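Down below are the structures I want you to see.
Same chain, two partners: chain A is paired with chain B first, then with chain C.
Entry: the complex of A and B
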């Protein structure tokens, strides 16, 4: 049985996992959907009540029924490297590839439906609340007056993108940033805005969860104005830390509810030691944590991908779904 | 008419256009110019920042 990895060629974090799978003798096919059609080819037939499908990439041919797991890491958009790309061809290629794969019995890390839903940060906040994780007071609004009133109640605020995405025209980064007390909120009317009470943190926490395995890393916070750890000084290292039992229980519930096999949680640890939920990235990077802490995250991913599947899951409000 | 959050935007810092490794379709791994597996070189990965949480932000939502 083969592990299928969907990612771009330059993804060295995926390499870290491939190395472990190779060492274990687990067959791997790695491809980028951007190369379909072209370097990647597929075929599937539905005849006499059965399905037979195959994928080919770089001389490797794999049966879709022979897949044990599918890891959706950093895949390109289907057909974007085709000789004559178009939106139509992208949709055709996407439907063919992911449509066939959705019909397989392979386990997913993570299933596209669960992944798509899990990217919604407002949904994340609500699920975290339901699972008992502390969530900082948050407002998402396009009403300037609502923003002003929220700022009166919580004078120490940060702002961050609702989607987590960065604008590309021109390319800009929008880090989580402090909002000054005398800020003019008029521009809130021009786009939904996420305001959140700033947690006076003494550390950032990155909790990487692979299946049921939890690996937490902690980074001592720097200056109060640098609230976004992604843009903080690299001089302070990440260090492995323990997961408080209550957090572990709530995080496990979160992943069950989200139907995710992998999640990278960001928390802010306050002076009391409370871990405040900020977000869960369903495909969050882990290489930098492993490089700094030595935690065996890539091995954990490889072990999960290589292990036999358990019961089929519902994937977003299916018949036996647990998520409302 | 600029959305509020963009008042806090910074110019994006682009990663180096070239990396000292190249994808080997046979190995399904990136290898350095002297033939070593890039993923096995922690110092190289740390230096390049290709595994950090901002590395994939340009094209992916998930950090």
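Entry: the complex of A and C
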């Protein structure tokens, strides 16, 4: 049984995981959907009630029914390296590739549907509440009056993009910022705005979860009182830390509810030691945490991908397994 | 409890359903996401572990917890009618609106995740097979040699777009066509191609399913032997017909597996009376069938949307209800 990794060519994080898989002797096929059609080819036949499908990449042929797991790491957009690319060819290639893979019995890290849903910040906040994670008071609104009233109740606020987009996407690099006390909120009518009570934090927490494994790292807040850890000074290192049992239980419930096999949670730790949920990024980077803390995250990912998959196939597969 | 309809302004099919809902006295809010921000506004507050959200459209305010059902009919792209539209504003508005709605307990016709998945033709074919529906022998391939071998086994073939795109999308208007016996398949390498054994049909079947209700219509095949019913001459009318019990059982399983509340199935009926599965369109039009057959499809949609929703909330909601 083979592990399929969908990612672009230059991906050192995937390289780290492949090293572990190779060491375990687990067959791996790595391909970039951007190379379909071209260096990547596929074929699937539906005859007499059965399906037989194959993928070819770098001269290797792999059966779709022989896939153990699929890691959706950083796949390129299908057909973008085709000789004659077009939106139509991208759509056709994407439907062919993901349509066949969606019908397989492989385990996903993460399933495309679960990944897409998990990007919705308003949904994240609601799920976190339901799982019992402390969520800072938050308002998402396009009503200026609602923003004004919220700011009266919670004078110390930060503002964030609703879509939770990260600086990795240059056009959307909007860091979390503090809201000045005399802010005029009338512009809220021109775009939904996310306001959140600022947590007076003593540390940032990054909790990386791979299947059942939880690896937490802690970074003491600097003097500068920076709000957004992604823009913090790098002189304070990340250090491995323990996960409080109540948080572990709630986080496990969150990932079950979200149907995610992998999630990178950001928390703010306050003076009482409470971990406040900020977000869960289903495709969050882990390389920097592994380098600074020495935590074996790549190894955990490799173990999950290589494991025989005794857990029931996620029901977001729909067409996989027997129909419920 | 209110029915929320997401659609554009000019949508006569939605108008038909609204007439029935109004007649039943069920509160309805209809809005186009393209009007957010602007004529549509929203606000959601996450405080002390609870969520309170509201939508405003045409001066009406509706609580998100008071939504009974959500009909995703033909919604515009969020923020496209904003005073200063941009990709960023569309993303922010989309995440705010759908992120909040995804956290509600309302029933969806159809849930966005299920709808997106259901558009994958290769996944449809596999699910149809698994549910016991007869599927014509089909090959989806970018290997010319595989296409040649398939054409030898099944000399009478049609070719279709993999993405199953419909003529409603002008740039993708590719009708199903017969494959000439001397076809050179080398171009298959430049784009995945769907080849399917042509069913010698005596009729086209459109089966519209709304929740548990199945409404089938039949159109006798014309002399011209046209392959694609969408391009057929309009002089043969659609007529109501019975659903064979085995088909009904398989179709019910399909919709359960696909987590769809609405689906429009296309079948080809052969000389033996067998219904061959061609596709299931989760957003298929039903107005033309209702007009020709007199079948009460709009009424069935209205009934589903208005019903109290005793059936369990679909698990694609994830953040809705209790966490499993």
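Definition applied: the second predicted complex is superposed on the first by the 300 of 324 C-alpha atoms of A that agree within 3 Å, B and C clash if a C-alpha of one lies under 4 Å from a C-alpha of the other, contacts with A are read in each partner's own complex, and residues count from 1 in each chain.
Just so we're on the same page, a contact is a pair of C-beta atoms (placed from the backbone, for glycine too) under 8 Å apart; a residue touches a chain by one contact, two chains touch by 3 or more.
Keep in mind that what you see is a predicted model, and the values were worked out from it rather than measured.
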Which of chain B and chain C A:85 touches, first, second, both or neither: neither
Which of chain B and chain C A:296 touches, first, second, both or neither: neither
Partner chain in contact with A:257 - chain B first, chain C second, else both or neither: second
First, second, both or neither for A:122, with chain B first and chain C second: second
Partner chain in contact with A:58 - chain B first, chain C second, else both or neither: first
Touching partner for A:12 - first (chain B), second (chain C), both, neither: first
Chain B versus chain C as contact partner of A:66, first or second or both or neither: neither
A:28 touches, of chain B and chain C: first, second, both or neither? first
More chain A residues in contact [chain B versus chain C]: C
Which of chain B and chain C A:138 touches, first, second, both or neither: second
Chain C-contacting residues of chain A that also contact chain B: 119, 161-165, 171-172, 190-191
Complex contact set, residues of chain A against chain B: 9-10, 12-13, 15-16, 18-19, 28-30, 58-59, 74, 119, 147, 159-168, 170-175, 177, 185, 187-188, 190-191, 193-194, 206, 229-231, 264, 281-288, 290-292
Chain B residues touching chain A - in the complex, by the definition given at the top: 1-14, 19, 21, 23, 25-26, 28-30, 37-40, 42, 45-46, 49-63
Residues of chain C touching chain A in the complex: 36-37, 41-51, 56, 79, 82-84, 87-89, 91-100, 102-103, 113-114, 116-117, 119-127, 129-132, 135, 137-143, 146, 150, 161-165, 171-172, 189-192, 253-254, 256-259, 315-316, 318-319, 322-324
